[in-house]
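Should a chain be cited, it is by its letter among A, B, C, D, E, F, G and H, assigned in written order, with residues numbered from 1 in that chain.
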Amino acid sequence: MDVEKLLQQVKDGKVSIREAAQDLKKLPYEDLGYAKVDHHRRLRTGAAEVVFCQGKADSHLCGIFENFYENRRNVLGTRASAGQYEMLHKKFPELRYDPVARIVKAEFEERELQGNVAVCTAGTADIPVAEEAAQCAEFFGAGVSRYYDVGVAGIHRLLSKREEICRANCVIAIAGMEGALGSVLAGLVDKPVIAVPTSIGYGANFGGVSALLSMLNSCANGISVVNIDNGYGAAYIAAQINRLALGKGGR
Amino acid sequence: MDVEKLLQQVKDGKVSIREAAQDLKKLPYEDLGYAKVDHHRRLRTGAAEVVFCQGKADSHLCGIFENFYENRRNVLGTRASAGQYEMLHKKFPELRYDPVARIVKAEFEERELQGNVAVCTAGTADIPVAEEAAQCAEFFGAGVSRYYDVGVAGIHRLLSKREEICRANCVIAIAGMEGALGSVLAGLVDKPVIAVPTSIGYGANFGGVSALLSMLNSCANGISVVNIDNGYGAAYIAAQINRLALGKGGR
Amino acid sequence: MDVEKLLQQVKDGKVSIREAAQDLKKLPYEDLGYAKVDHHRRLRTGAAEVVFCQGKADSHLCGIFENFYENRRNVLGTRASAGQYEMLHKKFPELRYDPVARIVKAEFEERELQGNVAVCTAGTADIPVAEEAAQCAEFFGAGVSRYYDVGVAGIHRLLSKREEICRANCVIAIAGMEGALGSVLAGLVDKPVIAVPTSIGYGANFGGVSALLSMLNSCANGISVVNIDNGYGAAYIAAQINRLALGKGGR
Amino acid sequence: MDVEKLLQQVKDGKVSIREAAQDLKKLPYEDLGYAKVDHHRRLRTGAAEVVFCQGKADSHLCGIFENFYENRRNVLGTRASAGQYEMLHKKFPELRYDPVARIVKAEFEERELQGNVAVCTAGTADIPVAEEAAQCAEFFGAGVSRYYDVGVAGIHRLLSKREEICRANCVIAIAGMEGALGSVLAGLVDKPVIAVPTSIGYGANFGGVSALLSMLNSCANGISVVNIDNGYGAAYIAAQINRLALGKGGR
Amino acid sequence: MDVEKLLQQVKDGKVSIREAAQDLKKLPYEDLGYAKVDHHRRLRTGAAEVVFCQGKADSHLCGIFENFYENRRNVLGTRASAGQYEMLHKKFPELRYDPVARIVKAEFEERELQGNVAVCTAGTADIPVAEEAAQCAEFFGAGVSRYYDVGVAGIHRLLSKREEICRANCVIAIAGMEGALGSVLAGLVDKPVIAVPTSIGYGANFGGVSALLSMLNSCANGISVVNIDNGYGAAYIAAQINRLALGKGGR
Amino acid sequence: MDVEKLLQQVKDGKVSIREAAQDLKKLPYEDLGYAKVDHHRRLRTGAAEVVFCQGKADSHLCGIFENFYENRRNVLGTRASAGQYEMLHKKFPELRYDPVARIVKAEFEERELQGNVAVCTAGTADIPVAEEAAQCAEFFGAGVSRYYDVGVAGIHRLLSKREEICRANCVIAIAGMEGALGSVLAGLVDKPVIAVPTSIGYGANFGGVSALLSMLNSCANGISVVNIDNGYGAAYIAAQINRLALGKGGR
Amino acid sequence: MDVEKLLQQVKDGKVSIREAAQDLKKLPYEDLGYAKVDHHRRLRTGAAEVVFCQGKADSHLCGIFENFYENRRNVLGTRASAGQYEMLHKKFPELRYDPVARIVKAEFEERELQGNVAVCTAGTADIPVAEEAAQCAEFFGAGVSRYYDVGVAGIHRLLSKREEICRANCVIAIAGMEGALGSVLAGLVDKPVIAVPTSIGYGANFGGVSALLSMLNSCANGISVVNIDNGYGAAYIAAQINRLALGKGGR
Amino acid sequence: MDVEKLLQQVKDGKVSIREAAQDLKKLPYEDLGYAKVDHHRRLRTGAAEVVFCQGKADSHLCGIFENFYENRRNVLGTRASAGQYEMLHKKFPELRYDPVARIVKAEFEERELQGNVAVCTAGTADIPVAEEAAQCAEFFGAGVSRYYDVGVAGIHRLLSKREEICRANCVIAIAGMEGALGSVLAGLVDKPVIAVPTSIGYGANFGGVSALLSMLNSCANGISVVNIDNGYGAAYIAAQINRLALGKGGR
């Protein structure tokens, strides 16, 4: 809706004051939503939509993917089970599946990756979360460097990569168990570190709580935390920061 | 230490191989540390040092501040009690104290504030944490806009500020109790949101845990979390992002 | 038992004092229970009985439903598995099953829906709990308006429904993850809000605890909370309030 | 702002389209807020304002009360310390203080109490929370019946009051320790029960968590829960329900 | 009230049926309560009353003790502070205070101690809880044997007392920290063991939770648990068991 | 070993001092253990052995039952799966299985049941734990009265059984969810109440924690608690108390 | 790399200063890692490698074992499922599997066991963790004495082994439920006790938390704790201590 | 008591068989205890006694110290308040107090320190716990090297000390907040690492729980954990290991 046009119509007597008042009532909500929703839509339902597949019904999931296919827009699904992929793949043969990252993806449009987000993990068991983060960040347009299995129990592996990691605009630190990787990285690199605790471990790790608390209590500077196993969430914020660093104020 | 110079001295026979080997042994650690430490030092012990005062002994605190005074460098202390301020003030009369933010500060060098970090709180009770965040962000060189008491129980107050907040490079969302401010902000603004849970509340807020969990589980995009009441930590990362957005890759 | 009649019989010498004393001994418990049990029975074992199916043995469940069938009374079962439905359906072909709400239901008597209870969810994943709430509220005689997927991460969706929701006598707010929907609704609508945390989410949501704490700590007015995923419980209390608003003091 | 008037002015050429568009931009937020804020204001800043005193600075508190005094409007402060009362009393001699309920209050306008809210406690130690609830409910215009020390360890005390309690439109059940009062009341009375866990107890009550969990897990129908010690919150929702039962749809 | 007498009066026409019906209405509750209340009263308000002093207002406490004094009945107060004792002592000079057990007591009637309850502690720091238990058990008429500082870290101390402890009718096992005393005692003695976790310790004892969980998970037979620091509660149940063992079925 | 006989042999020179010293060294442990072990064995490996089947390997379980069969002694296994029963039943055809209580049992010796233990449950879902308790108590020789589904949400059901329950020597109160049954029973009956929380429920019951905390914090007198779902443990202690009440000091 | 040799080459002009500087840059990280990694490699990837199998992909696991087979080095895998063993066994027929300890192992090199580590368990259910500990300790070269089912509920079993256990250089105490074994052992034996809580139990053991807290809060001297069920971790540290006691300062 | 001597006396008729049997009855416990108790006593009540002062009554504390003074034996008190020191100092002027470590100490006997225990802290705020550990380890006869403020946020500080720390027989790693120091140390040094979480921090550190969980979940080898702030406990076990490494099997 174009407010000025509406006002012109009021002025010209083409729309009654009462009708105009009625229309204007809904204006702000729609306006308010629009920019965001528009953008959102580009991100979530549009050109670059990310769908959280876990727990979604098959019919629901199909409907969402169909919408993207019809518009030949890129779509990426996280937390997709092998069964969900098979179901979707029958209908949408271009879909590709990464069973480690549990990501199902179709890319119709080319996408240039820019900037640099470093994705680091403490162990190999953290790789599924890391790949969710890395592939989502790439889907959002960020270049990604991967540094896996550089945990603090063998600190030399991390130290030998320090210089490379320093070149990133944002660092994603993924670790389960004691979760110390985030602190050590934030101590070595002066860029924002987004820490992702993982549920890897057993016993007193309490499904990722040990790593979560460790990361929240980091005594290093420049570290913030997302939910346990939330690779997608870290990728989103890292891509935001990467865009800002590239001089792109808003998406 | 200049490695090439040392090698030249070895070549020239001015330094023995044994001596050189001894010196080189410590090299990496120093080198490793240097960039970071140097920067660190500028941030923590140097020109723009932030000192965590809580629990520090008087003699210890005095020593730290003396060091800054002698070098006429800026210094800011967080979590400083009124008693600590009075003790310090006798020796360092230029010190200023903000009892709400519990910040003690001396600024000898001029500092130009650049960019824009939005600091928002849900209620008035969150203001002490917000002022710690805002004044630290300013100390790190960021321009700060304050939006206090814009919590979700009266959502119109927040909505009326949406456009202004959208102009910031990074948003700090500070809330206790149900901690919903972070989610709503991340839904309205497409910039990184650093959420700070506060210990404000009683009963089942468990000293800030309710807000912490709420923020970690946000279903909005672009939100990461720091420790309960950690205004300083949020300011640090917000200032990092602000610098990146201003095109200053490293501090 | 009619006390006055008994006393008359004592007076008339038709019942001995000892016998009467014996009878009177049990009186209060029966009386006490009666009104409540009667009502209760109408609600729970009678015309409008709700059965919690989860974990009930097949034979047990059959017996309960048989009782209703014989009396042609309405019956609704919550948390019914597909297997339970199939087992029951063979015996009671009129039974209908909603696999999303996990509700199995037979309605013999007509029922007019009165008043208005608004059932709102933050996301689509909360719909199973919402449908349990909505269908139970309807079973208890309340008119229900559904507002699904109006979570705070896209606040405009909720705002555009504000006026409609305000017309309800009671609002049920259903949300997992950060659970902020309850606070925002209570801030927008001046009717009692019954908040239902759901176990939707992962990691630090701890099976619904994040949403539960968020709702208990709401800084909005007029919000109270039921157990995680307890759609039935919210429906019961909402129907009570709805009846009161319709001028029906007791059920 | 009057939208139709503005449109008329546009039509009449008294206001330019650009100016009008600018004005309309802020409209919805203000409109949105208005009904609620207005009502809110009556409740919170106006005729019947409730102020949460705990943790508020003296100067802040004075300012708030001054505002009410100047307008001769009723005001009630919860969680007020004796010190805060003394400070306020010097300036506002009409203020009255109840040290048990920790309520400070000034009533300039007469207020008729209508309807009936029953406030019940398990023990005498729960009375401070109960009085906060009772006096707030009265402040919101509800008639209140008090039933103190009717906990389940001596169930006969509660049973002897059953009939009276049944006459209320809403029951507030306040209990610490094992918190069973809510369940028993909801089993006896077919009105909404708002349960308030209290922090009364020691050891494994964990500051009220035992009562809170007990109440959330009640197997009785018609019970919802507010935060630990939150007498005010229970009073607010009970007064809402009471008004609905009196046929007053909105406040 | 005597039911048979009332019925006789109805039969004799001295009381109308309506009046009798009215009277009978309240009967059960009073009857119900009577035996229990009577007994209760002997225990709680009467000859052998125990008062939980902590948190009680001075005026309230005075009133309770005055009642006992007037009737020259025994009274014992637990969790009494030194200040409370001083306040009470001025009015009731016969009161005696044990600052370790925090018990204030006046005994007017002689009391013969019968049977045997063993009260054991792991360390000396558990003695305050132990003395609360021991003195309450004596107040309830049980003979008490004390075995203090016999914790499992020096198991020989406990073993050397095994035979003596076996002679008790019931054993109270009081321990903080790792709380292992209960298990070892239940393994050595074939009498009911009432375990009392104490809040003694620091760090990961979480105010007694470590001992509480340890005791609840005991793999020994014949052990049940009361709340943290609840010496009184253990004494009550131990005295019940002791009376049963003495052939006194009910108090 | 007979110490006095050994000493006589030393005196008589039949045993050397060194040999005697060697023998005496082991004495206490054997002695210490003997009485207990002997008794223990009667309880645990002997005439009336109870075996915790859950998690035991098939071969292990077979060996244990074989031992009893050879000696024609009674044996009872708790937490036995249907699979374990089938496996055992092939070898030991006299075994009987109760799938509700998950108890597998063979009784060769007659056993007279004496005294009275009341086993009460809040709901029907608690019956598996209740039957474990009841059948174990009977196995230990106690008479058992069962009162199932007498929870506090319909208090009249419990009240109508009060007198009967009062006749027991010990009461076992079994409840999940809000766990209030224990408190109400302890308020009505002046015998030791052993409370068993169950894991029945969902959401914020946290696998039985809500009921556990409720029972530990009971404000009634005479209640102690065992682990969640631990029907066996409650039966053991109830049987101990029952024996004491029957005048049998030790088993 | 030999630093002195490099410096000599610089001095001799065989290597340019620039080249040398380049080489020296990586030096510390490599050096730093070397000793540790070398050792580590012996332990983890080399002669005596331990592989954590749980959750590892089949292809990954195969690759690791192949590497050992090619070099005929000893390898031990913990937490291996029967399925993983079968998969591996087909390729590597020398592999042996212990289904209780869930250990898969191939030993090509002889290994002399030295010193003495005592492995004790409270119950038979703790044996899987104990065998993981015992077999790992043996794999690391330690002699192991096993003392199973010596829990504190029958303290005489433990006491009768006291002297033997005292001869060990280090004691591993493994217990679930109340976890008291560690305290009693540390009270009896003056050697380091490594306590391993196990997840054995149910209800309020919270997956091993009860034993974990019990062990952390031990009031005995000389006890430290590892993660729940972490037999491997206890074995590693016990083997370290055993080697130290044998006069082998470093491995 | 000398058993062989007693037997000789029996043989010689100087002691009757009955008397000897009586004496022998107590033997095992004393014997059992003896070695341990004797040693214990040397450690705890004797030459090298450590007293936990916190919470001890003044009179109790005085009695303990007097005992040492009379025997001119060394004594060390941990967790001593300044007030306790002043009280003790008046009577025992040789006592010395360290307010940082909260240790009060009197050493009459010379003590040679042997071996090497490394005590490392993450920050300066951990020094009080570190000094408790260091001074206790010295009191137990161990040489101690201190490495303070070498936390992982500035990893170079720790790396530069790696070689020195490697020379210790045992390493104590003390850290609050994220507690990562233990993992990094165990990765760098192949000696047993005893990790001590501290309560230093705020918010989601939960009084040391974050560091505790981090340490328990360390993915490094050779690390075990003691209670939060338990410097004394770490010192005890480190001293045990140090003695073993020095070839002193038992103390």
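Criterion: a contact is a pair of C-beta atoms (placed from the backbone, for glycine too) under 8 Å apart; a residue touches a chain by one contact, two chains touch by 3 or more.
The shown structure was predicted, so the numbers you read here are calculated from the model rather than taken from an experiment.
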### Message
On the document's contact criterion, could you list the chains that touch chain B and likewise touch chain C?
### Response
A, D
### Query
Between B-D, D-F or A-D, which shows the same interface as B-C, counting it as a repeat when over half of the contact pairs match?
D-F
#### Entry: Chain separated most widely from chain H, comparing mean CA positions
C
### Copy pair chain A, chain D: interface residue numbering same or different (half cut)
same
### Message
Relative to chain A, which chain's C-alpha centre is the most remote?
### Response
E
#### Entry: Rounded Å distance, chain F centre to chain H centre (Cα mean)
41
### Query
Between chain E and chain G, what's the gap in Å when you average each chain's C-alpha atoms?
50
### For chain D paired with chain G, centre-to-centre distance based on mean C-alpha positions, whole Å
59
### Task
Take the average of all CA coordinates in chain C, do the same for chain D, and state the distance between these two points in whole angstrom.
25
## Note on the structure
Two or more other chains are touched by the chain D residues 28-29, 32, 36, 154-155, 159, 187-188, 203-205, 209, 212, 216-217, 221, 227
### Task
Chain pairs that touch, all of them, please.
A-B, A-C, A-D, A-G, A-H, B-C, B-D, B-G, B-H, C-D, C-E, C-F, D-E, D-F, E-F, E-G, E-H, F-G, F-H, G-H
### Message
Looking at the complex, which residues from chain A come into contact with chain D?
### Response
3-4, 7-8, 10-11, 13, 17-18, 20-21, 24-25, 27-29, 32
### Query
Which part of chain A faces chain B closely enough to touch in the complex?
32, 36, 39, 43, 159, 162, 166, 169, 187-188, 190-192, 194, 212, 216-217, 221-227, 233-234, 236-237, 240-241, 244-245, 247, 249-251
## Note on the structure
Listed in rising order, chain A residues that touch chain H in their complex are 122-123, 151-155, 159, 176-180, 182-184, 186-188, 201, 203-206, 209-211, 213-221
## Note on the structure
Listed in rising order, chain C residues that touch chain F in their complex are 26, 29-30, 32-33, 36-37, 40, 54-55, 60, 197, 199, 207-209, 212, 227-230
### Message
Residue numbers of chain F touching chain C in their complex, please.
### Response
124-125, 154-157, 159-160, 200, 202-205
